[in-house]
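We just call them A, B and C in the order they show up, numbering each chain from 1.
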Amino acid sequence: MAVGTQYLTEQPRLRTSSMVLGAIAVAALVAAPFFFYPVMLMSVLCFALFACAFNLLIGYVGLLSFGHAAFFGGAAYVTAHAAKVWGLEPLAAILLGVAGAAVMGAVIGFVAIRRQGIYFSMITLALSQMFAFICLQVPFTHGEDGIQGVPRGHLLGVVDLNQPLAMYYVTLAIFLFGFFAIWRIVNSPFGNILKAIRENERRAVSLGYRVDRYKLGAFVMSAALAGLAGGTKAIVFQFATLTDVQWQMSGEVILMTLLGGIGTLIGPIVGAGLVIALQNYLAASDFPVTVLIGIIFVICVLLFRRGIVGEVLELMRRRSKGAS
Amino acid sequence: MSSAPLLEVRGLNAWYGESHVLHGVDLDIREGETVTLLGRNGAGKTTTLRAIMGILRRREGVIRLRGKDLLGLPLHKVAQTGLGYVPEERGIFASLNVSENLMLPPTVAEGGMSVEEIYSLFPNLHERRSSQGTKLSGGEQQMLAIARVLRTGARIILLDEPTEGLAPVIVQRIGDVLVALKKRGMTILLVEQNFRFAKKVADRFYLMEDGRMVNSFPGHELDARMDELHEVLGV
Amino acid sequence: MSTIFGIPAPALYGQILIGLINGSFYAMLSLGLAVIFGLLRVINFAHGAQYMLGAFAAYLLLNWLGIGYWPALILAPLIVGAVAVVIEKTMLSRLYGVDPLYGLLLTFGLALILEGAFRYWFGAAGQPYAPPQQLTGALNLGFMFLPIYRGWVVIASLVVCLGTWLLIEKTRLGAYLRAATENATLVQAFGVNVPLLLTLTYGLGAALAALAGVLAAPIYQVSPLMGSNLIIIVFAVVVVGGMGSILGAIVTGYVLGVLEGLTKVFYPEASSIVIFVIMAIVLLVRPAGLFGREE
């Protein structure tokens, strides 16, 4: 089984029901801050968007990037710097972060797409590590301290984001925008070509597609969306640090996607929610988080490679196949 | 004539992934016999050899060698029962030189040819023993692929299209080698498209079509059955 | 004092030596990675953790059992190799035939478990490990002072690399390994126990990493995270060299180590990223790597 499964597009039969489910989910997200801590919810939303952006690449193009932290954390630095030092309006600061991530995505992607499969993973890992070293040294990131005390500011100069609820709904809106963008990309003609490349790259080449351009395009989009998540996170949590650019972060986003289900639309969200919840839960205990993350990795790879959502979908598919 | 066949295949079914490629193949080879499988491309000849060797894993039915079941054995145990395999693509390793290629398969039984004997049978290989395996000509690679299993003491050799794509003089040489092997009492299962070559060595023929055995007849009937064969094989 | 390009000569030689030592570890580790990848088609992300395990094995042998450096040089690789054999048998072997990315993810998870556990038990700080008595002190080479232990590491790593190369190129086991790298099924059809060969290869690769770890212990100290950053550099080394060639992996390791050392002299700010920069350039010019074949 190749990485990336086939639940990319919902079957038409399921479309109505999934729209209903989607509406329920959005309603639940709107109501959520009245039941849970907004900070934790925003953290889940940021990471869910990050994981969805990562999944765009692994799930739909079959490329496992081991360096997505560079885009997430890179954008966080840019946004934090723009908001704090240049005093930019928060949305503009986030957009600047997105632009930064897209540029980095273009540079790293241009080098990395020269190899495929496992080499691609190693190259993205190495390049993001290089970026992490640079972040450690250049002055504007403030080294080990990171950029602290980033002002949340007023959205478009009007809405005070220091209000937790306002911040939450802005984060939710950004998340929904990003999710919708990914959904659009996946179901566009461009997305179909990406899937064709994943299924059989040689065939796509022989059909006359300039495969490298499509891969690079997908890489840049994925990087930009990861940057959207990272920039938002910098505003929400009011800091940007080295943690966000290091390989452990790249590993975490892989885990979220793998756990939820590579190549499924909502799997990364489920995975992000679970991993964040688990980290919060463990933060109070003595148990080392890294070990647990490692264990989940091992269990996922050995026992359910489709991830939670992927396995559920597979079960439903088998059932409906058995019924018909 | 001993009654029990040395190698016995009964009702063999095999699959490549989801596609069912062998449908109840029956096949017997007695000790010292040379048997040739005929059939069009895609009839299942190579698949039959691969299924007997265990390279193709998804199989059902019976494969017995001297009464011992081969179906349940892991791949590397099959060769150890005395089967030597010469694959269609010859399988010469590029990262090994000629002598390393020759020495690669582990000995499976007493009585294999010594390296000296092999080099006297195939002088070219001796000359080129330190060349990279894949630098040999096609004919030399085929000789090497055959020589490789003679060293191991295997008594049954599965040969997949040894003459494919080779010049007539080389085909002649390979024919001579097979005759010599027969004289030594080797049992040979041959897949071959070249009738004239097969006729020289085969005691019996099996005819395959669409993954089934459709006919079998003794070697001397080959000429008489030419018309029938031409029809089935479409030559 | 003599200078070369305006740099005091001893400083230059010193950095070249440090580069050579780092290169020794790059070479040993990328060699193991290449051997494992060649046969198993698995990028062993746990390679850095196994290197760390080797160093810890030496440290614990000394502190718990009073077993010194020289026996540890043999015992630590054996212990880590045995752990790796268990890992291969119980986990990695289930992943042959699926996308190789899962092997990467599995070994990544294992690396996290190992490093996390050791960090939990021993803290993130490094533990000192003294070099053996026989290798303390320094030699005056005339143009510089060479700490004997560092000289030993360079020589030992050369011997290890050469020995591994001979094992693979000149022995029967090595011939099995090379042949199985090309076509494992056929080699198994000839009667070679390929599943066992895979297990042994993974064990050997991990043992090599552990041996490097023991050699490293007196130089870098013993710390749970000593392998995690190193492994990423080694990945870059492997990408530069291309995985097709054992000799390529070795040579690339030493050369990049020395280049990194030289960068430290002439432009220190770039020394931590120079290998990655070289990797990017090589990818742009020759995507298959310097010694690699296009696949």
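The definition used in the following text is that contacts are C-beta pairs under 8 Å (C-beta built on N, C-alpha and C of every residue); 3 or more make two chains touch, one makes a residue touch a chain.
Everything quoted here is computed from the prediction, not taken from an experiment.
Going by C-alpha centres, which chain is most central here?
Taking the mean of C-alpha atoms per chain, the most central one is C.
Report back the single chain whose CA centre is most distant from the CA centre of subunit A.
B
Please compute the C-alpha centroid of subunit A, do the same for subunit B, then give the distance between them in whole Å.
Roughly 55 Å, centre to centre.
With centres defined as the mean C-alpha position, give me the subunit A-subunit C separation in Å.
32
In whole angstrom, how far does the Cα centroid of subunit B sit from the Cα centroid of subunit C?
Here the centre of subunit C sits 44 Å away from the centre of subunit B.
Residues of subunit C touching subunit A in their complex?
43, 91, 94-95, 98-102, 104-106, 108-117, 119-120, 228-229, 232-233, 235-236, 238-239, 269, 272-273, 276-277, 279-280, 283-284, 287
Can you list the residues on subunit C that touch subunit B in the complex?
172, 175-176, 178-179, 181-183, 185-195
In the complex of these two chains, what residues of subunit B are touching subunit C?
Going by the criterion above, the answer is residues 53-55, 74-80, 85, 87, 91, 93-96, 100, 103-106, 108, 148-149, 152.
For a test of understanding, state which residues of subunit A touch subunit C in their complex under the given definition.
1-3, 64, 111-112, 114-115, 117-119, 121-123, 125-127, 129-130, 133-134, 136-137, 247, 251, 254, 258, 288-298, 300-302, 305
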